[in-house]
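Think of it as A, B, C and D in the order they're written, each chain with its own count starting at 1.
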């Protein structure tokens, strides 16, 4: 961010600058929980990514990513859904821009219960119905479809770090799901 | 409703009893505003029914109807969508049971601004994306797809009675639509 | 509902007629979960009524009641809050009419997981912050303020019948509460 | 953001760095529309700030401001409410973190219809009931309380720049307000 000469890529941020920005500014994120719905709209399955973190531990996580400069939230959602679920997932983007919750991740413990070592992130979290075939790309090892009961099980909750297990609970509650 | 002998159709209500109930109890309704969304989820069109009222005047109205005894809201939505849009509309029922608004119709003017001569109705109103082909059935003459601008025009607003024009505004606001 | 002569109380329903209507029509209900919020809006306590059911068993329950003919949802909420919490509770009615969930109670088990022996009830459920003093009236023995942790404990969940324990979870999820 | 030596104010951003960041990253904002509610929760008045922009033109605007590094959304809302309405406004922060809409401001025209010359801002917009006395501070000349009708008038809408007039419409629609 120390370039003052005309910049050919004004929205571009070097890795170093992004590292610094993450220590000074909240980052805007989107998070998506892909779901399979039955014809009446009841949730039948929740999609979680199975991945390895920096230390080689296996972790479950959400479709998630940064909103870029000049990118709309909807465009960011589509981009990250396609990145993580492949081009044939056929997601149904929501008609309303209102998320089911706003997840605030902090680099140290806070009242929100959500943590992210790297940054302060404000994530708009959406439930996204998908109708097509999902093929995880990039660094995700697998996309697993879980029943709501499985998603709330102690085992799966234990695989979700940074407080994300609670977000699954919030998403299912938002959908009116009953144990 | 004065039958005390075993009743072969316990959820059934004669026309006369329904007429009476409508003067004594609020009725539960669902209302659906079918929409066409672009791939990013932005609303491109709103579907309104074009029909004739009891006095022969042409009116625009919503997909709307009563929730029956022992029927879920979701089942009522599917039933009324199919009744009014035909079997190939491919509606995407919402993942969440929370309506975008609760519309309270009263037989005389009230603070809600919504009126219905026949009854006091509490209508749960949903925006329902549809992907398929719609063919109005029953008493509807036509299903018209309007752009948001057209739906907000004075002409169309004037064709919506009982305060329903305001519900269109609320639905578009809920979708974040900007003039 | 068998009166056809002009009726001095057109919105009035005899106990017998109400009994019959409850077997033929869904009833409109409101449910309120009173909460204490800290200055930032985080929930600190949830109010539950402690009462005895018909069989003399102690039960926890919500502020809840029927919406009368020609009564607005807001008026019903105020009436039932005052009936159950007394006149000095100082409830903050919500600016928006949208409930945090719609609870569908059926006389027999269904996909909603909520049951009510007496009727099919469609309940609009709201979280209502209260600032004043609460004194339970009528048939409630006690109003208990519980922390979110206590409200989610197995013991309290076991005292909530008809699936209402799940509604507490949904209310806390709606408020973004984290375990 | 070019400091690599240990930093005494790790969340602090110089004006120059903030200027640069605003050209590279979306900024997280909160926006609040203070409202007066009647005892039933119906909106009676909407509060708008009357201020002068850089060019000396009078403008109406919202309570609005940046979310700082490591600051929660709720803390940012309280801080900006107090900054703009004074310490005695007695705002009722919402029980739920879900905004009524997410407003995306871009430095050039986009599908969101909202613009901000300085930056790409993602603003979480809340309706905040206030019960106390409001005294605008800082650079605001005045806080005006308007009826919903006045807030929707062509004159007031014309005083709201960057597409903010539409946000008032969305806020009133969210509250179920009827013309």
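Here, contacts are C-beta pairs under 8 Å (C-beta built on N, C-alpha and C of every residue); 3 or more make two chains touch, one makes a residue touch a chain.
Worth saying up front: this structure is predicted, and the values here are computed from it rather than measured.
Engineer: Is it true that over half of the residue numbers where subunit C touches subunit D are used by both copies, so same, or is it different?
Structural biologist: Mostly the same residues form this interface, as more than half of the numbers used are common to both chains.
Engineer: Quick check: more C-beta contact pairs at A-D or at B-D?
Structural biologist: A-D
Engineer: If you average the CA atoms of subunit A and of subunit D, how many Å lie between those two points?
Structural biologist: 26
Engineer: Using mean C-alpha positions as chain centres, tell me how far subunit B is from subunit D in Å, no decimals.
Structural biologist: Those two chain centres are 34 Å apart.
Engineer: Mind pulling the residue numbers of subunit A that touch at least two other chains?
Structural biologist: Residues 42, 72, 97-98, 100-102, 111-112, 174, 176.
Engineer: In graph terms, nodes being chains and edges touches, is this line, ring, star, complete or other?
Structural biologist: The chain contacts form a complete graph, every chain touching every other.
Engineer: Tell me, which parts of subunit B touch subunit A in their complex?
Structural biologist: Of all residues in subunit B, those touching subunit A are 35, 37, 39-43, 72, 74-75, 78, 92-98, 100, 127, 129, 174-176.
Engineer: Per the contact definition, I'd like the list of subunit C residues that touch subunit B in the complex.
Structural biologist: 1-2, 10-13, 17, 20-21, 23-28, 67-73, 97-102, 104, 106-107, 110-112, 120, 122, 124
Engineer: Please give the residue numbers of subunit A that touch subunit C in the complex, ascending.
Structural biologist: Residues 42, 101-102, 111-114, 163, 166, 169-170, 172-174, 176, 178-179.
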